[in-house]
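Order of writing sets the labels: A, B, C, D, E, F, G and H. Residues in every chain begin at 1.
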Amino acid sequence: MPTPLTVHLSGEIHTDWRERIMTGAADLGLELRFSAPVSDHQASDDCGTTLLGPEAEPFWRDAKGAGLNAIRSRIALAEADVVVVRFGDRYKQWNAAFEAGWAAALGKPLIVLHDSELTHALKEVDAAALAVASTPEQVLGILRYVQRGELPPPTSSQD
Amino acid sequence: MPTPLTVHLSGEIHTDWRERIMTGAADLGLELRFSAPVSDHQASDDCGTTLLGPEAEPFWRDAKGAGLNAIRSRIALAEADVVVVRFGDRYKQWNAAFEAGWAAALGKPLIVLHDSELTHALKEVDAAALAVASTPEQVLGILRYVQRGELPPPTSSQD
Amino acid sequence: MPTPLTVHLSGEIHTDWRERIMTGAADLGLELRFSAPVSDHQASDDCGTTLLGPEAEPFWRDAKGAGLNAIRSRIALAEADVVVVRFGDRYKQWNAAFEAGWAAALGKPLIVLHDSELTHALKEVDAAALAVASTPEQVLGILRYVQRGELPPPTSSQD
Amino acid sequence: MPTPLTVHLSGEIHTDWRERIMTGAADLGLELRFSAPVSDHQASDDCGTTLLGPEAEPFWRDAKGAGLNAIRSRIALAEADVVVVRFGDRYKQWNAAFEAGWAAALGKPLIVLHDSELTHALKEVDAAALAVASTPEQVLGILRYVQRGELPPPTSSQD
Amino acid sequence: MPTPLTVHLSGEIHTDWRERIMTGAADLGLELRFSAPVSDHQASDDCGTTLLGPEAEPFWRDAKGAGLNAIRSRIALAEADVVVVRFGDRYKQWNAAFEAGWAAALGKPLIVLHDSELTHALKEVDAAALAVASTPEQVLGILRYVQRGELPPPTSSQD
Amino acid sequence: MPTPLTVHLSGEIHTDWRERIMTGAADLGLELRFSAPVSDHQASDDCGTTLLGPEAEPFWRDAKGAGLNAIRSRIALAEADVVVVRFGDRYKQWNAAFEAGWAAALGKPLIVLHDSELTHALKEVDAAALAVASTPEQVLGILRYVQRGELPPPTSSQD
Amino acid sequence: MPTPLTVHLSGEIHTDWRERIMTGAADLGLELRFSAPVSDHQASDDCGTTLLGPEAEPFWRDAKGAGLNAIRSRIALAEADVVVVRFGDRYKQWNAAFEAGWAAALGKPLIVLHDSELTHALKEVDAAALAVASTPEQVLGILRYVQRGELPPPTSSQD
Amino acid sequence: MPTPLTVHLSGEIHTDWRERIMTGAADLGLELRFSAPVSDHQASDDCGTTLLGPEAEPFWRDAKGAGLNAIRSRIALAEADVVVVRFGDRYKQWNAAFEAGWAAALGKPLIVLHDSELTHALKEVDAAALAVASTPEQVLGILRYVQRGELPPPTSSQD
């Protein structure tokens, strides 16, 4: 197994799910290396015009920014040993589904993280995943199992 | 150029955009071969349990159906010379974005079709496309140009 | 969609499951092209020494035959749009699992066919499949759905 | 040559063959990095429901667990410089054959390890291998030869 | 050998080199299928805005058109058995060199066609080619040789 | 199975082994499509300078010719379902071994054909093959078995 | 994200754009590893004949040198996480466009750097890029953003 | 550029060409990592039967040994940044040509090293190479140039 294991945390940027996984991993002493999209929403939207100059048309403003974010995400997807994609309850999040499709086409092991209300809408994405989790702690448990083969002690609350 | 050209029409299944492209192509005499997801929403949802037996849990009912639909879409994506993905104004349509990501990772030329209101939400998908259209007739015009190198006569209304 | 669709029927060679699928497909008028291993068990075992000369050691006798059968199966796997792997209740059938692994690594859509008693033993193979069927008629139903988007009428017994 | 060499030890988890190879490699000072499936049979079976919640149906219980184990094995197979697959005399071991097929399709050098009684049943797997060994010590000898070009002194017992 | 052989004629669109190859091939009865970029310079420049609407900025006007032309050329490059790239004495022709690089990276057999004055400037492109020709008739001779193994009678003027 | 099956007959060009396979295949009614290098030794050597102009240095004369022959062989190798490489008793035949290596790296099923005196010298090439034959008739028997699953009647002389 | 990030700086060798990026990256403390073609124009032209012996014909002199430079650039392109290609205002620079095509075909994230006067001539190359910059400082800003997610403070001059 | 650069030295094992390159590289302080086949001819021939048991038939004795040597060489070829293949004046050396074909099919930069007498016989191998050298010192010069961009001072004897 590659050590550290490289984990790309794709998708939703408005809750603390990444921090919970990263902090938990550090607490457990897991050897993981994480990548993620830029989680400052404003910076992510503005990067294209800030770095490459303003645009009059919203379409091209978005195109410039999306290109820069794609540089980051494609490098991360190419490098990742495993890809986690999180869907939250706000926004369209097509980018998350797009990255899931990209990861799956590359043959990367895929973990999807979302609440059960989204199950029907995400069924095609889930069908391409090797695991579907509903909490960041479940994802952490999976990463621990993948790296060490350890399961948590048989208490009651891991579901 | 491969003749006929194989075009996968992915995404939204609730409007007549596919028919408009296919009818228009037939009228122009283009040599195109189309594939598409199953557009009967009910059949698409029920196929797993209808063909492979009922499930008590909605998650697994969806998983069974999504697996069967994935067989169809992966074959279509693997075969396609060009992939068109349509986003409409209803539903989450994560499957459309997932297929766009899959197609892009395979290096398939990608055309995205959506109304301009969706531009910001779709910016990452658009950034991976070689064309972003807002009407089925524009897609038809692109397919004609790709196959024959023809542009429409210089009238005013093609935008 | 490629028409005809190329379907590799891998695995068990001692029951009539292939015939049931092929006959059913012909009855339905599906446009499918099938490939399969040589199903004459004796020929499959003897081909190496019959064609390339006898061997004193069983290991090399088997090696010669397995090489020739591998030529056939690798061509079929490379060409297939979809791969069906059947596990029966006799023999070790490691070749079936080997071909399932090969197909999955190539990204081929995989359908596994086996009785429910084998579920636990086949869990890793099933986990790589897009569909797990228990009868040849279910596989036939899937192929019909994949090619035509049709489901059977809502009678009682296919569910 | 990559140093250390990454070796995936796939297959049977009920005997000490991995320990014999790993201990022997350490004694020889070989620079090898090993990966392996989770060898705690119970953990391997339970991981899915322990980490992601219980399932009523055995099929889905197995599916959940197999998915998690697949994350681990696919990462290991993707990283490996060489893959060793061991078949023992118990269980169906379809997972071992599945991983052998996956490894072979990826073009990974494959070593198969099994007793001679299994030769006929494993002939297709053996035909895809670059070496077929019958003891862990033979595998160790191969790994030493691959890394250092050394053969053992010409005593009598290495067969 | 695939028959017909698919030949992509990339690069310069201002002289009659394609016609000379295609007419010559027809006269010889070669079984070739050709693809090419749109050779109407104006249409090639205008296609983006004609089909997808006007742009105020020249950069985006060009981007739209280049995207559509890329759909055509990527399909052609993916399908081609052999790629011919012609460099003329006008314009920058970076697109020709770009397509040569794309073809070479895909492992497509590459023939470059240009006058000897361009040799030094094209040395890196030539170094990736399997043949460097200076006339369309030489390219035609190569295609005849590749398909039929025939050489012209030993007259003096083919250089 | 693809029908017809595409078979590349690489290697030695000074005996009638190709004719024996092709005639035998026609007699049996096999549906095979063959490719081969240009077997006119003089044409193969002269093609570069005949088609692209003379060279003073033998090295470049050979380079030009080898480039043209490589166009033909790379197309054939890319298209082939199965590759047969023949080694005779004259010349160095490094090109034959080079094509065998190319075919093996592409994952093409490989059949090697040579007399038993060459066994030791060809051991690495043979080790990458799925069959090693010593007569063209054995190769023909293999192709028949691969396409039809038929073995010859149990007479004595096929070894 | 891989750290350090590997950046290939391809193209123009006559201005100080590489130094400006490398110095700027060092000043910012970015963890980048750079590769580049040999920027000594004379050495780049002479390397083939200096290392492998003189040639009478300019074509072969260039071929020898271009081959050696291609060894360097292909290794760099294969290793790069991101590829920057600079076009200046002198020379044909077909090699730059060739490397851009190679990088794009490999799926490498591509940044193109050129003055706005070259926009029309470079439209096909730009269409394959995820970013088009006009100054080395913009490229530096992109690399900072890709590695750290940081944008410069909102002053006025970044366009 | 990857540092160190990984160089596979394939082919002839009976002269000191590898030592001359490796010693020269160390003297120059180049950062290179080398791989090579096992150069003890006897060990290379005997490894199969020594490690895996004796064989009565020479063909299978060779097959066993060639399989083990292939494990080593395939790992080395997969890892190499650049592949050097040396042809000497003894033996058939089909393995060298086989590895050259494998390396070329993988797209690895290839350097061929042989005396000028072998030019005609090796023309197809040379045609796939980016450099053809006649002395180990030339190869060393190339590796220095590739890593550092340095040429030797302009003395007379490097040809």
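Brief remarks on what is shown
The rule is short, and it goes like this: a residue touches a chain if its C-beta (ideal position, glycine included) is under 8 Å from a C-beta of that chain, and two chains touch if they have at least 3 such contacts.
The structure displayed is predicted, hence computed values, not measured ones.
Centroid distances built from C-alpha atoms place D farthest away from subunit E. Residues touching across the subunit C-subunit D interface largely coincide between the two copies, over half of the numbers being common to both. In summary, the interface at E-F recurs among the listed pairs D-F, B-G or C-F; the equivalent pair, sharing over half of its contacts by residue number, is C-F.
Interface comparison, B-G versus C-F: the higher number of contacting C-beta pairs is recorded for C-F. Farthest chain from subunit C (centres taken as the mean of C-alpha atoms): G. Per-chain Cα centroids separate subunit B from subunit D by 42 Å. Separating the centre of subunit C from that of subunit G, both taken as means of CA atoms, is a distance of 49 Å.
Spacing of subunit F relative to subunit H, judged by their CA centroids, is 25 angstrom. In subunit G, the positions touching at least two other chains are 67, 70, 105, 107, 127, 130, 132. Listed in rising order, the residues of subunit G touching subunit H in the complex are 35, 38-40, 43, 46-47, 50-54, 64, 67-68, 70-72, 74-76, 78-79. Put simply, subunit F touches subunit D in their complex at residues 105, 107, 127, 130.
Per the touch definition, subunit E reaches subunit F in the complex via residues 1-2, 5, 81-82, 107, 109, 111, 129-133, 138, 141-142, 145-146, 149-152, 154, 158-159.
Taken together, the subunit D residues at the contact with subunit C in this complex read 58-59, 62-63, 65-67, 69-70, 87, 91-106, 116, 118-128, 132.
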